[in-house]
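One chain, chain A, links the two complexes that follow: it is found with chain B in the first and with chain C in the second.
After this line comes the complex of A and B, so read on.
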């Protein structure tokens, strides 16, 4: 049934059929070329033409201190976010592999639920919790744990908390899909041969789950790099990651050359990482799709 | 599960305990907005003396919240309609062509999911300045349409993967024309995929923040822009009330999507 390969189809009356099906594809292609790829190409073009033609904008990667600072902050936040997200995502995926029936359904539902909630709502929730007179500080103050409110917002800590919260479900998808493919009888065998549960996990399960960890890590890192909304809201104008910094170049300092150069850099980094990711895992299998 | 053997209970307990801790981290922030939305205070805090729905009232009576909701709704519905039609046709075409070139088309469709919004935003902003679409409904709708097109393409492609090609061949043998076959045979069979795609495309537009911060101005003032400005300027509990309503609507969509999935699995 589903196995009847579509590749056989165009044999019917070749050209006429193919023309009809290309006609169906065309509106999408035209829209994407005209309104997506053309504007994207414009960004690359501006980066080498404004304010003057040449690679002057790219030279700022080496010369500009503020660009260095933004890149370092972005890199640091992305690395920490990815690491923390992987640990949390691993715990959830591992529990999902072990769980059955209602537990599995419940875990899956609650892991995927945040994906559906507006990113603004989630950032706002963290503002409510982390503010200096927010829920967490109030609770700690009244419990007498602290005497001064902690600064949890408008710094890298707040940004990382919000980003990890956003990224965990994305990390779980490839991790879980990889772990599901691991034959759990291997662990049973290791246990029968006398390994402790921890040793069986560390020597058998963990190495087998590494492809999922790598795929998941790259994916989270890619998403983190271009993240705008959460870092901007929780960083509160004090922590600048690359995406918000690019935005500032357009709205405040009106420096299109620098903005488009950084956008190009971001694009190249992400596409490179995607290509690497595509080499190590089958992208379609990544999300458990057929 | 036998795999954990003798220490089954302990190891399993630790795993589930850790997992539930992570789940609390995932859920807690979303739950906090519920009590905050019914606070009797004028700032973001839990209710002190009584529960008050005044902040919900504010959303419906003033401050331009309703107008923002309407604008977002109109834009999202328009973008979704175009996405569903164009995306479904594209998925069907690519599926039947099944050539190297059509696979390339399908891959390129995914670009907006991978490429950060801010990169695209710079380009579309510049283009809209040139052709005079800045701060226009048409401009925002088109930008949301192209960036959401990937979703119906993905979901309809997935639905088509389970479609029996012989049904279509039978229709053609019985004398149906190509458009007839497409409309009467293929489309009805992938309806759950189309609806899923519509839900994703709708949510994409409804939530979209980065682009509207740049390409919209005084005329087009969507809900995400409104929330964004309120978080940055005055942290009013009305945002919590809006957040609660958004979470409610989202849950509704999620349950619909789950029901559709169950139907797809049965079919």
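After this line comes the complex of A and C, so read on.
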């Protein structure tokens, strides 16, 4: 699309202008290439050169049980986290669209509040709540609901709780911005034509909000794949996700070939998802451009 | 601190906690350090005056109060003895990965650091470290079993068994076999989320005699781990290990002797530890290949290893054991029971075999982490 077509004289001005724009962004592009893409490529290159040149590290995707395990665990946690986050985020966004005045401000505040609290503080708070002699177990035990403490922590459940808590605001923001664009009079019209409230929601509102759902889902899923702190603290060593796995390979055991292979895999997955997302929704709109 | 924390990082955290709890005020701490620095006399000042044109030794550590403590206990005495030399404390955290990146890029700005025995063997094997020159560092300043080809260090620490004595009456656990006896000693077990020293624990727990632990039978260790893993909790950082014992989530555990001392003092001996079958290892200061200060770094390490007073000082502060054979007798009586290298304590412990770990860590650690996670 950037190719100029000299045959069409009237468009020359536009092309010149476009070239001028490119010139303006050139310093930024060069900086990104020199300081970001080039070093990144160099790091990823290690995945085909270490410990011996070749695709030995990528073969581990098929042969290594350890790699299978971390990929399956990561995928499972990301899918569950995304699903739960979407349900909660959808309900919240829907409430925000309906709410007005102080209610809307209150809801927005409490959705955004966790974003300002350090991920470490949040994880440790969950530990206090969820551990075997923690607040939740104590309360349930003394109420006689359970006789043995529930294992809520140091397993995938604990990790998912922590991750969902982290991700809900990220789901709400695109969902809310999408839902606000839906003309609520359409619902009223459907009701007027005899649809039940549920039918009006299912046939009118839900389909119209789907782009928001997809955008939120992909965003949450991408974020989830990179989780490091939360699984490490709430998983108690038992939940090993890909980001931490890569961390161990790079800093501790200096198994850089394997670490960079998985980093490459992660990057490819994320770029693919972003590309898919770009085909489904208008990215500029999603990230707030009018 | 989300990765598995190293012992060195934990010392800093520990010192911060001590200061925060008021067990040691910063003023006291500084006064103690100043007293120690005064041993060298007035030479210190003139040394600093020349610092700008002086040669430098860059020592990288894990930051915080350790930066300060190492500066005073290790850096300052060396500066005083060598006017014109400056020891620069850099607290950027010498992970194995960072050292490798620095040496491979051939832009080495670090001389030595607070590393680990295992990573020393790993990096040394890759040709990324200078061998320790034992003509400069005197072997007579190092306890037997603590001097490695690529690393040597002026302090030591131990992985010991900690337990809540109130839970077990007058028959507390004494060995790693007891550690794995869930019937006799009910409750959760606490292990470290890193294979280093855990396989020693697992094997001795399966009845392997202390002198038969090395070379480690990895398969057997993993089998023991599989039996216990559902009943175990794992720690990444020293403060976490302390917390798991403090809250009663675990009744018996493995942790560093520095943390054992904190719990022992805090609970007035209710939560206490045994040196028996502890796994004792030295600190490890490696010298990066092509380091800017050259042989001066060897002299710096030699000076730390020879400095008995500083080592005893650090024992009082962090409960890090001296590695100089002449230090133990200089330790005040009330500190002796906290000293991992006190002859009485050392003789019931296993000396960590860094050679074995250096060769096998990458593979075995992965298996350990995978086994915990399944």
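One rule holds in what follows: the second predicted complex is superposed on the first by the 245 of 290 C-alpha atoms of A that agree within 3 Å, B and C clash if a C-alpha of one lies under 4 Å from a C-alpha of the other, contacts with A are read in each partner's own complex, and residues count from 1 in each chain.
The criterion applied here is as follows: a contact is a pair of C-beta atoms (placed from the backbone, for glycine too) under 8 Å apart; a residue touches a chain by one contact, two chains touch by 3 or more.
Keep in mind that what you see is a predicted model, and the values were worked out from it rather than measured.
Participant: Go through the superposed model and pick first if A:32 touches only chain B, second if only chain C, both, or neither.
Facilitator: first
Participant: In the superposed model, does chain B or chain C contact more residues of chain A?
Facilitator: When the residues of chain A touched by each partner are counted, B comes out ahead.
Participant: May I ask you to decide whether A:111 touches chain B, chain C, both, or neither, giving the answer as first, second, both or neither?
Facilitator: A:111 contacts chain B only, not chain C.
Participant: So in the superposed three-chain picture, is A:17 touching just chain B, just chain C, both, or none of them (first/second/both/neither)?
Facilitator: The first partner, chain B, only.
Participant: Check whether A:228 is in contact with chain B, with chain C, with both or with neither, and answer first, second, both or neither.
Facilitator: Both partners, chain B and chain C.
Participant: Considering only touches as defined above, state whether A:99 meets chain B (first), chain C (second), both or neither.
Facilitator: After superposing on A, A:99 lies in contact with chain B but is clear of chain C.
Participant: Who does A:272 touch here: chain B (first), chain C (second), both, or neither?
Facilitator: Neither partner.
Participant: Looking at the overlay, what does A:125 touch: chain B (first), chain C (second), both, or neither?
Facilitator: After superposition on chain A, A:125 lies in contact with chain B alone.
Participant: Per the contact definition in the header, classify A:250: touching chain B only (first), chain C only (second), both, or neither.
Facilitator: both
Participant: Which chain A residues contact chain B in one complex and chain C in the other?
Facilitator: Shared contact residues on chain A (touching chain B in one complex, chain C in the other): 131, 133, 228-229, 233, 247, 250-251, 256.
Participant: Which residues of chain A touch chain B in their complex?
Facilitator: Contacts found on chain A: 1-2, 4-10, 12, 17-18, 20-25, 27-29, 31-32, 35-43, 46, 88, 91-92, 94-96, 98-100, 103, 107, 110-111, 113-114, 116-129, 131, 133-135, 138, 165, 168-169, 184-185, 187-188, 191-192, 197, 222, 225-229, 233, 243, 246-247, 250-251, 256, 259-260, 263-264, 266-267, 270-271, 274, 289-290.
Participant: Which residues, counting only chain B, touch chain A once they are in their complex?
Facilitator: Going through chain B, the ones touching chain A are 1-5, 7, 11-12, 15-16, 18-19, 22-23, 25-30, 32-33, 36, 43-46, 86-87, 89-90, 92-99, 102, 105, 108-109, 111-112, 114-127, 142-143, 145-147, 149, 153, 158, 161-166, 169, 172, 178-179, 182, 203, 206-207, 209-210, 213-214, 224, 227-228, 231-232, 235, 239-240, 243, 246-247, 250, 253-254.
Participant: Over in the complex, which chain C residues touch chain A? Could you list them?
Facilitator: 2-4, 95-98, 100, 122-123, 193, 233-236, 247-249, 361-362, 365-367, 369-370, 372-374
Participant: Flag every residue of chain A that touches chain C in the complex, lowest number first.
Facilitator: 65-66, 69-70, 73, 131-133, 154, 228-229, 232-233, 236-240, 244, 247-248, 250-256
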